[in-house]
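The first chain written gets the first letter, and so on, giving A, B, C, D, E and F; residue counts start at 1 in each chain.
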Amino acid sequence: MQYLINLWQTSGAYQITPGQFAMLLIGLLLLYLAIHKKFEPLLLVPIGFGALLANIPGANLSMPAAQAALASGNDELLKQMAQLLGAHSESTTSLQQALTLAPAEIHTQVTQLAMGAGFNNGMLYSFYAVTIASGVAPLVIFMGVGAMTDFGPLLANPRTLLLGAAAQFGIFATVLGAVGLSIAGIMDFSIADAAAIGIIGGADGPTAIYVAGLLAPDLLGAIAVAAYSYMALVPLIQPPIMRALTTAKERKIKMVQLRPVSKREKIVFPLMLVALVALFLPGAAPLLGMFCFGNLMRECGVVARLSETAQNALINITTIFLGLAVGSKLAADKFLEPKTLGILLLGIAAFAIGTAAGVLMAKLMNLFSHNKINPLIGSAGVSAVPMAARVSNKLGLESNPHNYLLMHAMGPNVAGVIGSAVAAGVMITMVRAMTT
Amino acid sequence: MQQPLLQLGVNITLFGMGIVFVFLLLLALCTGAMSRFVTRYFPVIEPMKETAGQADTAQKARIRKIIQLAIAQHRKKR
Amino acid sequence: MQYLINLWQTSGAYQITPGQFAMLLIGLLLLYLAIHKKFEPLLLVPIGFGALLANIPGANLSMPAAQAALASGNDELLKQMAQLLGAHSESTTSLQQALTLAPAEIHTQVTQLAMGAGFNNGMLYSFYAVTIASGVAPLVIFMGVGAMTDFGPLLANPRTLLLGAAAQFGIFATVLGAVGLSIAGIMDFSIADAAAIGIIGGADGPTAIYVAGLLAPDLLGAIAVAAYSYMALVPLIQPPIMRALTTAKERKIKMVQLRPVSKREKIVFPLMLVALVALFLPGAAPLLGMFCFGNLMRECGVVARLSETAQNALINITTIFLGLAVGSKLAADKFLEPKTLGILLLGIAAFAIGTAAGVLMAKLMNLFSHNKINPLIGSAGVSAVPMAARVSNKLGLESNPHNYLLMHAMGPNVAGVIGSAVAAGVMITMVRAMTT
Amino acid sequence: MQQPLLQLGVNITLFGMGIVFVFLLLLALCTGAMSRFVTRYFPVIEPMKETAGQADTAQKARIRKIIQLAIAQHRKKR
Amino acid sequence: MQYLINLWQTSGAYQITPGQFAMLLIGLLLLYLAIHKKFEPLLLVPIGFGALLANIPGANLSMPAAQAALASGNDELLKQMAQLLGAHSESTTSLQQALTLAPAEIHTQVTQLAMGAGFNNGMLYSFYAVTIASGVAPLVIFMGVGAMTDFGPLLANPRTLLLGAAAQFGIFATVLGAVGLSIAGIMDFSIADAAAIGIIGGADGPTAIYVAGLLAPDLLGAIAVAAYSYMALVPLIQPPIMRALTTAKERKIKMVQLRPVSKREKIVFPLMLVALVALFLPGAAPLLGMFCFGNLMRECGVVARLSETAQNALINITTIFLGLAVGSKLAADKFLEPKTLGILLLGIAAFAIGTAAGVLMAKLMNLFSHNKINPLIGSAGVSAVPMAARVSNKLGLESNPHNYLLMHAMGPNVAGVIGSAVAAGVMITMVRAMTT
Amino acid sequence: MQQPLLQLGVNITLFGMGIVFVFLLLLALCTGAMSRFVTRYFPVIEPMKETAGQADTAQKARIRKIIQLAIAQHRKKR
């Protein structure tokens, strides 16, 4: 009988908190959006399922061993932990705090104590440690994205790089917005938080996860969910802004056909980009380095089997574990906070501002050049590859059924990927300088 | 604490946006120069080919089409 | 000359023990069974080869650095290790014991000492640490199995879940058997050992490895070998039991054709299963969570590339290293014990009892329902996918050449996978509560 | 030590088997209910299709067959 | 303004040293050789790109956290590190030295201090730790190579194993050469360095990386670059030597056609090889064990999906990270030394001597056998699979347009792989015995 | 220090080369014996087949050829 009571008390139905229940529903919602609405399913299916697993009460799948030991409430163990941590109270909350503040050495000892008592790192925690805390998974995915990217349209019309630059204004405006919310006392974001939230405006999943993993791990779940959701919503978010900022005549501008680009140019481009990074932006070296490496493997033509693997088996494997790891950050206690609402609001503002900045930049460039750009391709500068370019194309066809903008929009689209990686590098460097 | 946070935010925004812009402008200039240099001094003699990557994708698409056709035929026969 | 003597003394021919020689023969036997008799070759080829490598005298491939240092017999080093361990004797055996009992902190120091002296973790030990000790590899394989599993037949006839439940009686009867052998003084199994041995009756490789890795790592080699060997022997073990427990008339029962199952049901099923786990069985969350995740990737239709990778590259890579890691546990000193014989005997009993329980359950269900079940499909409830279902089909055809039972037997077959994962979760939770 | 071990074993057996049975029974009931719910409220309008997974496998098998036939023909020609 | 100055001071253009600039050019040269000249591109593209990334000034991608902290020059931090290390001076150089010499425990503390201050392991350093320092990546690649190797020609004519043995003389002559340069005071190679340099003569990339990673990590970059470059240069290096050592009549020798080899022989061969390793050469167990495992997966015919993965996804993934990790060892301060020049010179001597020894061995064998061997296949014994066998074939066709030597040369070619793995095992065992 | 280094080098060279030679000679002898043993006592009754690996490769090459032909035809049609 004791066992039945025990089993019931360890069961989820007994232990579940309202927060966990809400998070299970949110996990199901993400899965619904991914599966039925086809919202970036490659990431949102693993993230959504990870959110379910992370919120199974009593399973502690997203906790490290030390935290699982704390959650167990074993008196004997808590006493030993309190001793190691030099804590006066043995309440779970105060030990939790002491653990967060403890120096690395003490932390290791507490972990060894917990493991000795039979507690292990949760499965999702292990995935998180290996993929995101190490920073490796977003970089590997970025390499795969590089191997899938064709810089041809960008090389044929390098002016479009400026559109990709302008659209990053969404990132920085959002940083200011987050800072403003903090100053107004509505939210409590540090400068690192603000930078990590801003990067949602980059409309680039791996970049956002990389930056958030470094600067604001606690906000990672909300940031990743916002980034991928809004990328999927680009066909809803962008068109009204694009229509509002352009005249019918501008939308009908026909662009000259892109020149063919030689294989050599495509090989030299990633090398040139990495050289510029080396000279001026070492902070962007990991992201852009891996991106250029992937692209070089694609274009050089002599390592087809490596490029193929980077685009398939390797990126797929990494995506599965990265997604589950992101999901592990959707635990109730971190996600169900006012901050998450702030992040979701700031994120959509970031997309809107970036879209507007891209379109306006195109109009500005048309003032100084007689080789006119259709401003509808400016919005593709936020990246969200290839969705944003398709939106540009669709609006172009609406105005003029013979005006195919897709290839033209691919230029700013991939420029936006470079742009947000540059922004990520700058922000990481600056925030680190500010906080140490 | 509020004053500094604002200042930090403004600094990140101004310098960050500035650097993104300058870097991508520089990249655009270098890219243009590189393309002119390559097409002038290393013109492609062989007929313009698609890059390996594109060819791969295109070829895969074609193969998929062929196989689908073959399957369709196969189904008809059954 | 000194070098020649030295080389001869470090050679395997000089150092080999009779136990290692026997284990090399056992490794060859496993390879013979895998390659010539086609006994579950995907696992038994790596396991058999791992057993060869683990028993190469002097290579220490399955030892951690500290143990390799002990085995080297370097006097100076042993003295230092004895000091760290606070051991009085410097004999290898007593140091070995002291090392096993040492707290994590001292263990780390001994390892650092050994590494400083040029000893590394053996290759197979590293594979073991990464794949099994971390618990990750069986879970990843289970995810791949989920992505390969079609729950259609189960959904068309959910009653067959009860057959899958009944067949798990083999597991628990074996736990009792192992306990009985201990009480009789014939063997010396702890309750954790008994639970790990019982899981052989689950007829499910990754589940068995996962449980043994957590509860009884020392017995892992024998348990994995027994599980996979008996799974391969299902066509020999099951038929006599099935014939003995059924009448000719029962074996001729024709089952109604299965209704078609919609895609939506297949998508909802893994989510529902994970929800039930969340509510009632958090202990089964890692195994069933990954299994359901794999199945959802398969059925949702929007992440085909992830599902494909989970079923191919990822599961294959994991299988290679998991197999070698299991093989590393076939070192002579652990495997050549009376316990192994006990495990082999208990394992076959587990299979036999599970088979019988499945068949009898089907007969019991027929007493209460007029929609009769052919009891031959009850035996498929042990899992051993898809071998056991094929055995059901074969015996069905023997009795009635028009009675195809394969699809009907797939229901209990996959139910058995769920059943043994549930049993694993329960046992892990209960054993942990008992031993801490 | 013997008495407790026996008791532990009996406990695991009884509770374990009980929970397995109850859990799978519950799953069976829920599955039945879910299927009825889905087929009633979300009936499939499009013609019954195989799921992606099955289709994949079936398609692969067909492709393999076709390619084998092609190879056979190819060999004959040589 | 402060920020602009700060950004400029952290930029690469400000910080770059002449050494780093030279290394960037060398990275580009390697990429040029790989892409345009098709020099072993599968490895040299990742190595070359890794060299670029490793030499981005200020990005510290190839440094561990502790070293990055040192390089930062943060006074407060340096003071704390000096205290931990017990160093009197706080100059970066002296702390660097103290760190290298510090025992493992202190090293861990310094690393924890650096990480606490926000420094992380560089991306390439992480890749290096996981792939090479652990020894795993070369072994996995060797497994894949085993899965790609057909021992048929070797089994049909096992005498060719002697050619593969003779060609390893290049390895050992080079060891003597390196020792000689040291004794002459021209270079300063330890015995471990000499052994690692010698293995270049094995003409086998993964073996060279494995040995260098264990015995001389600091020289790894130069050794790997030399090994792969010379493997690509085999068609230039070997022919003059082969022509000089053979008469026209010898080059025209026609060899009897190879007998067909049964599947069973091919299955038994890797098992026999691993048994011989177990008996006589435990030091070669990791390399040859994984090689034979890969080959057994290939030949046994029952694990086709594992073999396929070992030959494709797994070896490709490993190659990408191994290549980048090797590139991380092309940092300016390690590579731009006179030692590198010595390694390059000794490496080419190793190839030349190995080639000559193979050819001469064939001639020697012809003195005692009337079943003549065309000495042109002797040079294939250096391995460099399959380039060296193709060179043999080409020179054979030059002398006699009907004399196809390719299949005959595959025997010594794969024998050379075994030979250099054996040599690696012997050297690792002996060097360890000498240095502890 | 110089004398010992020379001696170490000479030792590695002599013993190393010797062991490589002896080991590969032994392997050659064992291989010959094994082949004779296998072909005598376990002769292959079924017609000589290529091994799985070779067949794979060969088959892949053939499939590639076939697909290339198909693509060529496909292109002509367009």
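The working rule: a residue touches a chain if its C-beta (ideal position, glycine included) is under 8 Å from a C-beta of that chain, and two chains touch if they have at least 3 such contacts.
Worth saying up front: this structure is predicted, and the values here are computed from it rather than measured.
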So which chain is the furthest away from chain B, centre to centre on CA atoms? C
C-F, E-F or B-E - pair sharing over half of the C-D contact pairs: E-F
Report the chain whose mean Cα position is at the greatest distance from that of chain A. F
Taking all residue numbers at the chain A/chain E interface, are over half used by both copies (same) or under half (different)? different
For chain A and chain C, let me know how many angstrom lie between their CA-based centres, rounded off. 38
Go ahead and note the Å separation of the Cα centroids belonging to chain A and chain B. 20
Using the touch definition from the top, which residues of chain F touch two or more other chains? 11, 15, 19
Multi-partner residues in chain A (2 or more other chains touched) are 3, 7, 280-281, 300-301, 308, 312-313, 430
Chain E residues touching chain C - in the complex, by the definition given at the top: 103-105, 134-136, 139, 143, 267, 271, 274-275, 277-283, 285-286, 289-290, 292-293, 296-297, 300-303, 305-306, 308-310, 313-314, 429-430, 432-433, 435-436
Complex interface listing, chain B residues touching chain E: 11, 15, 19
What residues of chain A sit close enough to touch chain D in their complex? 3-4, 7
Complex interface listing, chain A residues touching chain B: 147, 150, 152, 154-155, 158-159, 161-162, 164-166, 168-169, 171-173, 175-176, 178-180, 182-183, 190-191, 194-195, 260-266, 268-269, 272-273, 276, 280-281, 298-301, 304, 307-308, 415, 418-419, 422-423, 426-427, 430-431, 434
Residues of chain C touching chain E in their complex? 3, 6-7, 10-13, 16, 24, 28, 31, 34-35, 38, 41-42, 45-46, 49, 52-53, 55-59, 61, 74, 109, 112-113, 115-118, 120, 123, 126, 312-313, 316-317, 319-320, 324
